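Take this structure, written in structure tokens, and hold onto it; I'll ask about it next.
Note that the chains are named A, B, C and D in the order they appear, and that numbering of residues resets to 1 at the start of each chain.
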């Protein structure tokens, strides 16, 4: 029997991607699409890619209504808007996966510092689990509320985790640069994303100030002794989807290529969505994972500089958002973790 | 129980797309991937998007072996190479869907004239059916051999068919221009497709000489009294996937917007993969169908010039190739026509 | 000695392109950059590509001030805003080149019908000249006010003019499709131009209703006996610059490839900015003219359909706007027509 | 009077860019275009962007002929091919600017190690000067033979030089990542540059092994006490032109944003082609310099990680190749360094 779910904030890119992926799900079925406005209009007016496949009308976001019809809700709403809503929903026995930032940081001070918001529901935050599935699977399995990770932190953490977990990473000297397609910036047209400006352009932004920095540090710190310090520099590149994270790492002791390869291979052994590429093969590139929930990872040792370079490629809207959210739902519900997510990439 | 199929020519873009789509199929399962070379190598070396999902080794193309293991074969081989192979396979009771040109033209003289090839298996050609599913569904249902349509003819024919079928099209005055992503040219790198040259570029080609012209004429002629004459001008645009066909048509009598809309709506009523867009809505655009088997169609009347403008958007690798091939398989086998093809587009 | 010019509306794409090109001009010098707002800010805040080359502050648009310092003004302002301003300027002996639509149509009824505006300065309109330089050079040479052509009409008219001028074109059966880069839509970000939506997308728009239609008809009618009727279908393609116009023409009598080639060669003989490509060479493509004032033209005969296919490629911001405006200034001033415009395309 | 120059290897992208830029040069004139094949064909067959502006036939590469007609030669030939040719030309009193790698490394062992080639003309290498103009202007002014820098080393060195020159850089801990348009890979079509593969894709390559690494180290070492060690990771992004270099630097002592800004401002004060962007303004992005010889630089301090992030944007074919070569010619000849290079970027 179908498991009824809601998507709140269904008209944005993340909402659209949840819709796309849930069409494939064997158990979950979208029965409620909520938004702040345009109530009554069919969702396919905003998400034409699911026309004929999901034809629900947009509805106002009423926790009672949602709870009467759904057992789990995906929240794809602006930051700040998920706090109370999540509280209302769990109180009504609806599981919550928040794709925004409201439930990612246990430390309210960090959230306040980087996002300028006080948390209105520390009680719900208390029980929330950070949903980077491969790294926190056990906790996700027990969770009623999941804070789904950011796109950059997902790619970056998966690239670095094996070295960190082995205790071989100098946690206080992590340099990360990343390149993202423009869909990560959402659906609102702005000058920086206007095609004539953004095509044939590489645009760094948020240097030394991007809000995904503390999130990456939080994940890395969970592996280590002491806390991580990350220098993070993101760039917009002229494409719609995809993130490539390039991490220049300082190992805490000298490591060989064979050794790190072995570390990575065994760390991700059996993982359905992480593919560790071998030393002698192609490097991760975003097109190989476009549209899929896969994360391609590779690691190289630079004997000259002593650095370890770890790279990861994901689709920012899938493994970096909607796909991982569904993966988390599968884990929360005890279903096959790959349910609805055995999607090949769309190549070329 | 799974229905075993073969893909011959599995390392190209069309082969890769068949693999991608067949992952989703409830009944058919790829059990054989054939190629001229690289035997023994895993297909995922060439098609990394299905790594972990389909991991077969490439095998030599031996009809006996194929027949011993498969009940249907998709041929994605160079023109000329499918003729004999199809003959060998049907003789061994393997159904054939040829995604190339060898079985599209009943009239051998036309094939000879445009492609320079004599047909070596007129007997097989005799029974072959042209697989533009929506237009020739009954015949496809009976076929053992299907000539799967070209990408431009698919979009163009679907755009024009309702007007032609209603007898309201001047068949000898059909002007078609189309824009295609570069994947339609296949996997071989050439100067025209080299990114620095092809990006920020619109490149017309094959003016007054493109080989899809007689194929479009063949389809249109099947509807009319007398034979169709088409002027066809294709263009490469800087993207990977998608075809937009813009047809400037002369109606045989004055028609109103309401009338043609009604014609198109009723012609495609109930079709799972053709969506006729209304007069007051958005026009077809390729991104709305990227990755899906859908064809979006719209029609407009220009009262000033008296022309009817019909537009269609498809993904050239899906409805224009691999998707339609699977749709044809579904029809040939009497399965649900949408089996494995209820894929939303990948947007944005 | 330098010839002082003004650019009104200097913060948009057309204004920016005028600035870029005028850096190269041997005689004209930009001494005034006007805008509705941001007065006092350096123009390079809005047009960083001329930083260090043209560093003027934005000024309010005051005809007296302009006239006291400039001898010619380029107007790159919204439609309707150029009418009175042009009147004020010519009254003060400042020549005017309007890059908008206000001075393109002699027939006020046509302007009213398509643009919904009444002309407030019919007296100035009366003397204005339509500045498609190659076709109306003599008139431009005498003009004080020039209505600079639209981008699509420029490419399309140059593609069709030789056949029309030879009296060999059926004027009432002209089918034009065109593809444009997104910069033609200007600098304001909107959903249709948002990179995630616009990349990997072909978007037809304005079918049977685009406002450049009557402008093309006006030009073609000037060559013929009777008035032209054009069916025009534009498309946005995923690139910043460039227009390719594909014209499917019905000749009024049978013509051969040699004959039309000869017509085109002789029509454009000696033209510095129009290059007629031969029958056996490459076709026009937008990248070959990107950044330059050149228009590449080719013509083909389709003996099967009897159509003549004429193609033209331009950079919409150069020959389709700012470049042609400067070409017109050169002609108006009696200078070398190529002054400041001998720019190679930027390839690749 | 015109100063006659030769371009050897005129059919590639670098050759084409030299042609484009030299059209604008007030003194130098291209009188000889050499290639290995296609002798007698007009250069515009290969470089259509200069059609009508430079129409020379391709000639065989004969030092006597070149010396009889030219006073300086730009070499844009494969590595290894410039050594002897440069020797032949200087012996005949022709100045040489080599845009390849043969004259970049004083240390033959380094060249041998990274490029696998023995130098056949150590005598010419001895006198050659590394032509990163801003950093080695005095030497360039005296040179007969210049080794023109690589594209990545140009952007990266300009980003790092001020900090290195101030003695505030930890030379052995330099992490550089860079993103490049595909034109940097040259004109030969290959799988990695095939548009369907390369569009919507970020492709890292040459991790821990790219040959520009020792070149960057050579430049940085020239500033410091001791030798530099660089970790360098380049990426292909889906565009034709542009390089963005992002350098994560460890300062040798704590520095403030004001301090480094001041360092950078004063280091580049008066430089015509380097623009240091302020702390509160936009960051360098490649489109702002596309087609121009400008390098935009910015520097940020990350107080949390203690890193200094330095960024530089150039057009790889201009400041990263042909533009800098012309800049070097201007310096060698004692001309205005900006002659022929006062080109605005082409935006958007």
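Rule of thumb we're sticking to: a residue touches a chain if its C-beta (ideal position, glycine included) is under 8 Å from a C-beta of that chain, and two chains touch if they have at least 3 such contacts.
Everything numeric here is computed off the predicted structure, so don't read it as measured data.
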So which chain is the furthest away from chain C, centre to centre on CA atoms? A
Approximately how many whole Å separate the CA-defined centres of chain A and chain B? 36
Per the C-alpha centroid definition, the whole-Å distance linking chain B and chain C comes out as 39
Rounded Å distance between chain A and chain C, as computed from the means of their C-alpha atoms: 46
Mind pulling the residue numbers of chain C that touch at least two other chains? 13, 181, 183, 196, 199-200, 238-241, 290, 348
Have a look at which chains touch which and call the overall pattern line, ring, star, complete or other. complete
Hey, which residues of chain D end up touching chain C in the complex? 13, 16, 19-20, 23-24, 47-53, 183, 199-200, 240-241, 272, 275, 282, 288-292, 294, 342-348
Once bound in the complex, which stretches of chain D touch chain B? 13, 181-183, 187-191, 193-196, 198-200, 238-241
In the complex, the residues of chain C that touch chain B are 175, 177, 179, 181, 196-197, 199-205, 207-208, 213, 229-231, 233, 235, 237-242, 244, 246, 248, 283-287, 290, 300-305, 307, 309, 311, 313, 348
